[in-house]
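After this come two complexes, each holding chain A, first together with chain B and then together with chain C.
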Partner chain A sequence: MTLSQEELAEELSDGATTRVHSRLRVVAGRFFRSPQGIAGFAVLAAMFLLAFAGPLVTRWSYTDKDFTAFLQPPSPDHWFGTLQTGADVFALTLRGMQKSLVVGLLAALVSTALAALVGAFAGYFLGWTDRVLSWTTDLLLVLPAFLVLAIMSPLFGAGQWALFVVMLALFLWMVTSKVVRGMTISLKEREFIQAARYMGVPPVRIVFRHVLPNLSSLLVVDATLNVSAAILTETSLSYFGFGIQPPDVSFGTLIADGSRTATYAPWTFWFVAGLLVVTVLAVNLVGDALRDAFDPAAKRAR
Partner chain B sequence: MRPVLEVTDLGVTFGGVPAVRGLGYAVRPGEVLAVVGESGSGKSVAAAAVMGLLPRGARVTGSVRLHGRELIGAPARELDALRGRTISMVFQDPLSALTPVYRVGDQIAEAVRVHQRVSRENAQVKAVELLELVGIPRPAERALAFPHEFSGGMRQRVMIAMAIANDPDVIICDEPTTALDVTVQAQVLEVLKTAQRETGAAIIMITHDLGVVAGFADRVLVMYAGRPVEVGGVDDVYYRPRMPYTVGLLGSVPRIDRQGGRLTPIEGSPPSPGALPPGCPFAPRCPLWVAACDESEPPLYEVGEGHRAACIRWEEVRPADAADLAGPAGTGGDGGDGGEPPAGPRERHRRTVLEVSGLVKDYPLIKGAVFRRRVGTVHAVAGVGFDIREGETLALVGESGSGKTTTLTQILELAAPQAGRIVVLGRDTSRLGRGERTAIRRDLQVVFQDPLASLDPRMTVHDIVAEPLRTHGRRQPGRRVAELLALVGLDPEHAARYPQDFSGGQRQRVGIARALALEPRLLVLDEPVSALDVSIQAGVINLLGALRARLGLSYLFVAHDLAVVRHLADRVAVMYLGRIAEIGRIDAVYDAPMHPYTQALLSAIPLPDPARERSRRRILLEGDLPSPADPPTGCRFRTRCPKFRGELTDDERGLCVQVEPDVRTLGEDHGAACHYAERRVVV
Partner chain C sequence: MAGFLVRRLLGYTVLVVVAASLSYLLAAVALDPRSNYADRTPKPPPAVVDAQLAALNLNDKVPLLQRYATWAGGVVRGDFGRTITGSPVGDDLRRRMGVTFRLVILGVFFGSLIGVLAGALAAVRQYRWFDRLSTGLSFVVLAVPVVVVANMLILLASWANERVFGHQVLLVSGEYTDGLTAGFWGQAIDRVQHLVLPTVSLSIGLAAVFSRYQRNMMLDVLGADYVRTAVAKGLSRRKALLRHALRTALIPVATYFAFTFGALLTGATFTEKIFGWHGLGEQLINSIFSNDVNTVAAISLLAGVAVLCASLAADLLHAALDPRVRSA
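Take a look at the complex of A and B:
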């Protein structure tokens, strides 16, 4: 070490160069630099705003029925038109969007988090932890999810959407968890994990700090897919009358009802379907951008 | 004599990025041309271009003439007829170059039958002959074995046998000995010489090891940034280099015949082929740089008979010993002086930081998936003992399979060993509680071999260096991280980058910074420079030497490269098959080794000095390392020992067969585990 460098080091410690270049900031910075990320994030934010602030600007609520307008096309009075019952499609769509967005995003997050945790812990600790966790995973894998959800549907009454989210998530995570477990086992042999162990980093922290971030590409893609999967599962459950119970609505019930009248009253179907497509698209954009932001090698690829 | 292979103005580009530019050479029958260069210099790509083995995306220009026949642009069928018959290749990794599911003999026979009209039986006979030629014992029997039943050195011999099967005129060897241990490397180089004698072929030897070149090649071509920068006879290039890069390369090679001290690294790192600097590509790293260097890329000047160099100031370039190149080259960010050579026999410090005695580690060999049963035991470490005093560097050297890495992991685990004792910083590891273990980890840090693998690719350099600080309870590591990065010669501004954005040498510096974060007292270095190029390696070795002097560190240094060890270590322990063969002060062991294994090991290391290399006599070991699952009785080395075979009487041999020798002290701080140890100068 030359003297000049030593001096440099001291100079640095005198100055206030305590800027933190931690991972969180770098990832956030990279996410918001990518046009995809900004677009996806903006659209998602707009959707949420529409879903939760929208009801304030229209004078109809989703339970109201306008007995002067049955199955009317869009007009200044009813922006998205009305249903056969006289219900306002705009108000209904917003209400359904609230449910679907929350259910879809939450279920996806919960299921991916569950998959990551179970898989990583099973793969990292092996032994008894692995046996217990893998057994649970296998058990849930063989349960017929749709049937269980259908049987439990009476429980998802008014205000029980949180339970619904948990149940949806509970049947989405198993396959990913198996993949995560396998990848963790191979990651565990890598030198940087060894390095952390020899440094004295506690095992649980190694899982969170080294194992999971290195699986982030997989997890982000999985979460993105799960959003669509959760929304679609909810939609199909609701279509069969199991999921969200009337008078509450969701994208699923709306699409189910709208599809019957779609040919001669397109407004009952196309607005909901369009918003569903836009939502899934935005989630995918965010997922892509997040994956690139997490992956340090992605910068050079483009 | 007319050249067999003539390459002129060869250029290769991958999607617009040039990998090889303006390469030209000619080889005559029986001549050995060495192509040297660091990774990324385009030497392997050039060889693949000559063979016509490049992927579709590559654009090849220029001309390659084999016996006057143009190969570039030749139809595939024509090339197929030439490849393997007139021109053949030996690859670096002999495991992936052999098909795992066919018998070795069949693979050689296939190579024969592709080009010659011979019957299956005759081809088999020829295969066995070839195996015998390359020195495989019991060739008829071994021809029926599969590749996985061969050791690395044996596989490389098979590859050579296949390469010479059709009596080619040119053999291209792409780093043929890089993946092998030194004693095996010496054997394989001998085989290559035999092969050349038998076939009279020209050999193009691609390598980064300047020692191998010195003893093996007639002419040398040095490549840098895809271009030849110096070409000439091996003596001319080694003793009268005319290109600063060659001078730097030769100056940065650690040598076993020189005492420790500073190496002369080349500053900076090679340019990326996509963004070459204007003018001479070496200009940014050159100690002789003048403004004119940046104007245009220098052509190859004729600087002597058959000796050309691409430098406009070639008349002023002097070998590193004569000119004081060390001055300007050393001022950069490479860690200044320090690492003083251990002058004379030094008094050893009294405090011990690490003590290992009688360490044993066995691994069970398990077979079967359903009914798992133990079929044997691998004795990875069988009774190893040494100690490290404060401020001292002990190097653990040995070939692969010698148990050095196992010893290391046993120490790093800080758990109770299977047998024996490990005392780290005065604490016996078998009596440690959880808290104490964490506390000791503060003082015991590790630097790994592959810097890219040991740094979490998803973490920024800041987070990586800060991790040990955070783990051991420091809240605001920002300032300390900047300090550490500056200490290892990195720009603290780069803390927000990921490890991928750094070059190999810089990554290893990050690894060192992380290891130093907690101001440890003992640093364990697991092959810290073996993954780096020579010019970069020198800088890291200097840094390690300087840090030890400044921070009062003790090093446990594990390496297979004995030359690097000589530059860094105070004491050395040579391991063979899980036991220590010889241990002692570095000068004592290197200058007058006593154990026959150490003697063979040292004599197998090629020196980057052509004249000495030609006059040296090697002690060639026969065969491979015995399996650690079934070590020989008595002395473990006796199956390969030249002394056992050649010098001892039958009575004396009895002792070797029956009694396993322990390390005996045979001089001041010098001991060997041999019943008949005697000093011998081999370097």
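Take a look at the complex of A and C:
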């Protein structure tokens, strides 16, 4: 065995696990060195804490009605004030935030996974697989997403928000999938994939073992950007009553109700709107910092 | 070039036909026009309801494919059917298209102009105060949904009307004041007063998106050899930036511009609904709520056609900016 072969064998035997680990560490290190990465991560963590631990410290739940306080401004008893129905705005906001965060995260995960699978399969197999998948992608781009979601909204009733997540994700993945397809086509010509193919690795396994991991940076960044896109879409749909259905609440339904009373009862609108903006801003900052952290060419940090 | 365009056109036409058919079938299955008659007092006899629904091609007792064939046959002849109240869908939509066009053209024009200028300037002065300011601002704006922007603008405008102007200067609802008799100029000013807020709320978001794209594209181009060569040949820096850098950096943005325009024809829904403009987006929501299958189908067909036109326009803009596309 020559020296170079020895080195190669060494790399193959124990290099793999440590290298993956170190890449993760490099990215994490870069991410947490950038001020916006830290800020975004901290704010996002605080939001999650507020949404899921907050209900424990207030004595009102989002279904409670206080019949002694209608449309009252913030007070020690009701921290964010109350609505016309006597419902506590703080409890409602936290409940809405739980729903919006969970829906946003899940929809982003599903849509990124879909984009990765469809794009990688279309790009790797080409031919008829590619034609069928690309055509489906184009069709979903032309189909008015808003219309389909709105028509299906009666199905999103009580407890059916999982279906809402799937439908939301179904209209977020197309552009990323096109990018993934293009990158897969160029990856397919690289030596390590050709080597795997000549060694007889089944094509599906090549896609999962070699193609997708090499697109991980793009996919991670895409997922974070999709989180904010999904939260905003959910908010907009719920605003018109096409998203989360009552009695459950989300940021969208709260903003829709709040905007009607905003001129004379500002607390019904500004707290929710403010929290939404801060949440999405934090997600965007995390996405931006991740993009820089994954990019090996990004020397000029902000 | 021409052959490429024709092939693109054919592909997209097939897509639009399939998408419109799918929307019609989905709307026809999911929406229930019969329920519109259930709440009426006195309750109309079932036979009358059936006859009326059948006349509008909405009767769910007729097989779905037969209804679809009737609808598709009408569309091919340019007849989009009738709304649930019996008036032709086409007339109503033509008026609304005018309203939406006015809003979207102005909004996209100002949004992209401000965005491209701000993005280009930010790239040229990278890491100076303007770059940091515009980056920060666009991040904040990107995080705010249109719904919130529009409502904030309304609150701001009503505050400004009261405190700053002393009378109603910025009008927050509708396209024009009903029954206003103030001559041509009076009416024109009235329309502009109504137009300001919706246009601003549409432009702000677009400007933020465009400035991000333009800044990143411009940064990639600024370090390119041909810009340095242009300066070395003796062009002034300003001319090199405008003629060579900006032009190249505009290519991807032009694609995005065309698609935004197409998508906004129905995507300005929120702005229209909140400001009380009677445009296409508002009608889409209303028709879904009133189970108006024919209107829903017609609007989704229009949306598909808009995306088709936008993608063709993107190809043409691409060709105008990039000489390699023209020669190929």
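Here, the second predicted complex is superposed on the first by the 234 of 302 C-alpha atoms of A that agree within 3 Å, B and C clash if a C-alpha of one lies under 4 Å from a C-alpha of the other, contacts with A are read in each partner's own complex, and residues count from 1 in each chain.
As a working rule, a residue touches a chain if its C-beta (ideal position, glycine included) is under 8 Å from a C-beta of that chain, and two chains touch if they have at least 3 such contacts.
Keep in mind it's a predicted model, so treat the numbers as computed, not measured.
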Review point. Between chain B (first) and chain C (second), which does A:109 come into contact with in this model arrangement: first, second, both, or neither?
Key: neither
Review point. If you stack the two complexes on chain A, which partner ends up touching A:255: first (chain B), second (chain C), both, or neither?
Key: second
Check your understanding: Is A:191 in contact with chain B, with chain C, with both, or with neither (first, second, both, neither)?
Key -> first
Check your understanding: Is A:39 touching the first partner chain B, the second partner chain C, both, or neither of them?
Key -> neither
Check your understanding: Can A:138 be said to touch chain B (first), chain C (second), both, or neither?
Key -> second
Check your understanding: Can you list the residues of chain A that touch chain B in one structure and chain C in the other?
Key -> none
Revision key, fill the gap. The chain B residues in contact with chain A across the complex are 331, 333, 335-338, 412, 437-438, 441-442, 444-446, 448-450, 453-463, 466-468, 471-472, 476, 478-480, 482-483, 486-487, 489, 492, 495-496, 498-501, 514, 543, 546-547, 550
**Study point:** chain A residues touching chain C - in the complex, by the definition given at the top
**Key:** 135, 138-139, 141-144, 146-148, 150-152, 154, 228, 232, 235-236, 239-240, 252, 255-256, 259, 262-263, 269, 273, 276-281, 284-285, 288, 302
Check your understanding: What does chain C use to touch chain A in their complex?
Key -> 12, 15-16, 18-19, 22-23, 26-27, 30-31, 127, 139-140, 142-148, 151-152, 155, 158, 266-267, 269-270, 273, 284-285, 288, 296, 299-300, 303-304, 307-308
Exercise for review: State the interface residues of chain A toward chain B in the complex, per the touch definition above.
Suggested key: 1-3, 5, 8-9, 12-13, 17-23, 26, 190-192, 194-196, 198-202, 205, 209-210, 213-214, 216, 294-297
